[in-house]
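Each of the two complexes below includes chain A, the first together with chain B, the second together with chain C.
Up next is the complex of A and B:
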């Protein structure tokens, strides 16, 4: 049979494809519907949080930080309750990471505050003297892309039925409402910050990346 | 159907990909050495403003090495090996010649675009699948072009039976095509929202745990089909050619090939052990990872036994030395991976530096050495020159081997140290170390690793120099060498 296959490239290729595709069918598909169900009470990300998630992706925080607390006592003691599948239902993409050069961040919102993040992102050594993390000062001047974040929210609402605008849920509304909502949230965060340039920017209706990122990090609980 | 007249093979495309393998190798490994040094000396994060942080550069390192250096190497060898094992010349078909040049041209432009996009932070933040949707479309076109080249060349072949190397090239083509397409399924938000925001942005079709499953089914197996399958394709051709020995066992090749094809894809979920993925999937990942030792070692042993009775070549021919060491590192890497996938070991190893350690004994030792040996073997036959210096290959071999050994030993120690410190508790059951303690302790190992990376990089520069001198100033040869590659002392 093998000699025959080696003389018939078409059937050889079909054979190889079937053999390699088989595992995906059996291993990935069965759980698809169940794994995407949200835990009770989980709300979709607000526009500002999504913009912050984009900053998290843009500066590729997953290179050093995980968002997955494993079910060991040593991990739950350090980071809190172990992670549940349904908590990630609105994470597109997932941001578990694969390396902890820095600590896990899945529940960082429980034990770090806006001002801590502000100091830390400006100069990590100011709060953790032995830190090897670089400073991300450019986040204090670069502006977050609120429109793209709104477009993402609208897309997942339309295409994947993510429950925006549900009763007691996350409000999305029109583009203008989305922008206004993000700015309002940003003002609340900027009030807890000390960087004058950031405060001025937000007062002028602009949202620096750092504000969006902190909104996202505070949401991780 | 065998033609008796000697064929004049056309290496235009193979040469082009040889140049980019050298170019992207230099870029990718330089960035790699820099980010390794950043972990030991964080001040190095600020060399080029926001574009130079570890986090921004890390995907640039992985992607330029994988899709730049390795793919260029794979395609250089394919456009060389393909013609020879099928006994047709690219020059015989204008269409295939055009396809090959188009393949290279689009690839080179696409690669440069991708480098810029990563520096700018335009990314899906999925490891090894960072590129946003417009780049993905270009990548699909590049990949399909390669497929057309493979099957086009097969379509006009004189040798009816496909040689083992071609099985692996075909598998690499099909496997990566399937994985890449499924993992990158995303909805461009600009169009779905009616023209709001950035046109480059997209949102994944899968969420949370599902996305993780698809990503690591891709991530593990893109590694499998680029780092393993396409490299085995090379060693099955170049080791017998260079040594003048026939492959030890056809049956072992069969077992290894079909075994690898069937088993490899299952192992992806070992990246998700102790995650929120269902237990049975994690267990399947572990079990199949262990089974994977069989086909992996099958190939490697087949290679080593091919040298049976000819081990003296190891002392005389540095290319044999490179390839034998590549097989040996392949064996090391493919026993290490299954060990790390076992749940109790994974609990310590996951998230630590042992993982990059494991990756690098595979890529530096196996992929890097095999690719460079293949290009050395091809150079005199493509450029009609003897290799510029045998001595430089020997120096390169030892510099790089030292680098590899330092790399994986330092990362083994770093990973296990950190994994054990994370879980260490005092007599009352409280955690003994704060997280930052487990970072500070790694400084010496990060320093050693940076030095290791630098040694490998220096070796690569020696390789590049030797190749350039071979192309430009080495002694011409009139007749194609039968086996052993001619080289000046």
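Up next is the complex of A and C:
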């Protein structure tokens, strides 16, 4: 039967492709399916956290900070439990980064608090004297883009079936509900902050970038 | 014995002589069994190589091609429909058996795991650490506590433990007046002491002020009358009745360990729990170090 294949190079090539593709499929697909499955208890990002993630991307935090703790004792001592692939299931895109000029941030929410972030983003040297990180004072006045964050959440809900509005999950709702939810979350964070302008802005229904960013950083656990 | 055999034996002899010459020039000790076995191996390879070569060269000289040709010819080269040589067939079957073993047992049972290596490394280190510091003396604990403090605590409490101008608890003093007032006003139930929750508003107005001034001042002199409210739980000396309530007079091991485990949210801000981030020995070390911080 194989003499027939030898005489027909096109079908021979198809056969070779099928054999190799089969090996590839059984190697790649199971890992792919496992990696894209969220870890138990993982919830999608809230609108405010997504807005904070946008700030993180916009101000290029990824250039100096990674979000990937490798399974080495030296790393887990400093940053906590090593990262699992399922923890990034709702990250679109994930922000692993590959540069650690500053520390890893994948579990920064476990060991830093709202007030620390506030001090640190205003003036990093005030809390870490040796820090070479620049200050990000503009985040205290620029407003976070809540509507875009809502659009992003709604897109992943519709396109990728990200489980928003699931029981005990993250609530998304309509645009107005999304805005209201973000503001409510922002108020809880502003209550722990000291900067009066930020507090006033949130009380007036505006959400500065710093509030969204802190919501995002506190979520990283 | 034909000419080919003589040439082959001569070639084998050359190979063996070359091997012996190398062994001599490198001063290899043939009394070592491993070297001896290797030497025998080299000699055997020389004979087998020449033997196999002679067999096939003779075959090429004398054999006639027989069998049925397949239909197609590639640039004039034909192909016989011969059986697969039995050696190939058995090797092929052998690889199938090996593949089944590797797929079902070989890989799953012997695969390298990065997490496995991490777990082993961590376990070995922790055992060593616990053994080395099970009965650490005070000086060791304080030194260890300082290094832990600089990594884990200093980002918020400052490298000297002064709380960096009110950004976090100042370890130079036990407690500030504002903090006492905030706890009296809001109550507290965060640290898991046996005494349980402290209800809000146990003292009010001027009484609260007097208590706060007294406690923040380091509990010097005679206790004001209002302090009687606090004595029931915190003790007349403020030391918390041997760990049933928080010590408000000074830092002690129980207090620091409870804050590290439970975290805390107070008048200044929130402190996260360090439950999984520090080992029991490190907790003790941090407690020992914090008690050495003085203004």
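Simple rule for what comes next: the second predicted complex is superposed on the first by the 190 of 221 C-alpha atoms of A that agree within 3 Å, B and C clash if a C-alpha of one lies under 4 Å from a C-alpha of the other, contacts with A are read in each partner's own complex, and residues count from 1 in each chain.
One rule holds for everything that comes next: contacts are C-beta pairs under 8 Å (C-beta built on N, C-alpha and C of every residue); 3 or more make two chains touch, one makes a residue touch a chain.
Everything numeric in this text was worked out from a predicted model, so none of it was measured.
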**Message:** Once the two complexes are aligned on chain A, which partner has more residues of chain A within touching range, chain B or chain C?
**Reply:** B
**Message:** In the overlaid three-chain picture, which partner chain does A:85 touch, first (chain B) or second (chain C), both, or neither?
**Reply:** first
**Asked** Taking the superposition as given, does A:72 touch the first partner, chain B, the second, chain C, both, or neither?
**Response** both
**Message:** Quick check on the superposed pair: does A:203 touch chain B, chain C, both, or neither? Answer first, second, both or neither.
**Reply:** neither
**Prompt:** In the superposed arrangement, which partner chain does A:6 touch: chain B (first), chain C (second), both, or neither?
**Reply:** both
**Request:** Scan A:128 for contacts with chain B and chain C and give back first, second, both or neither.
**Result:** both
**Request:** Could you say whether A:31 touches chain B, chain C, both of them, or neither, answering first, second, both or neither?
**Result:** first
**Prompt:** A:166 contacts which: chain B (first), chain C (second), both, neither?
**Reply:** neither
**Message:** A:191 in the overlay: touching chain B, chain C, both, or neither? Say first, second, both or neither.
**Reply:** neither
**Prompt:** Residue overlap on chain A between the chain B contact set and the chain C contact set?
**Reply:** 3, 6-7, 71-72, 78, 128
**Request:** Flag every residue of chain B that touches chain A in the complex, lowest number first.
**Result:** 38-39, 42, 45-46, 49-50, 53-56, 58-59, 121-127, 151, 154, 160-162, 167, 170-171, 174-175, 178, 182, 187, 189-190, 192-193, 196-198, 201, 203-215, 217, 254, 258, 261-262, 264-266, 268-269, 271, 274-278, 281, 284, 288, 347, 350-353, 355-356, 422-425, 430-431, 435-436, 439-440
**Request:** Mind listing the chain A positions that touch chain C in their complex?
**Result:** 3, 6-7, 71-73, 76, 78, 80-82, 110-116, 119, 126-129, 192
**Asked** In their shared complex, at which residues does chain A touch chain B?
**Response** 2-3, 6-7, 9, 12-13, 16-17, 19-24, 27-28, 31-32, 35-36, 54, 56-64, 66, 68, 70-72, 74-75, 77-78, 83-103, 128, 130-136, 138, 142, 145, 147-152, 154-156, 158-160, 175
**Complete:** The chain C residues in contact with chain A across the complex are 70-72, 114-115, 117-118, 121-122, 125, 151-152, 155-156, 159, 164, 167-168, 268-272, 274, 276-277
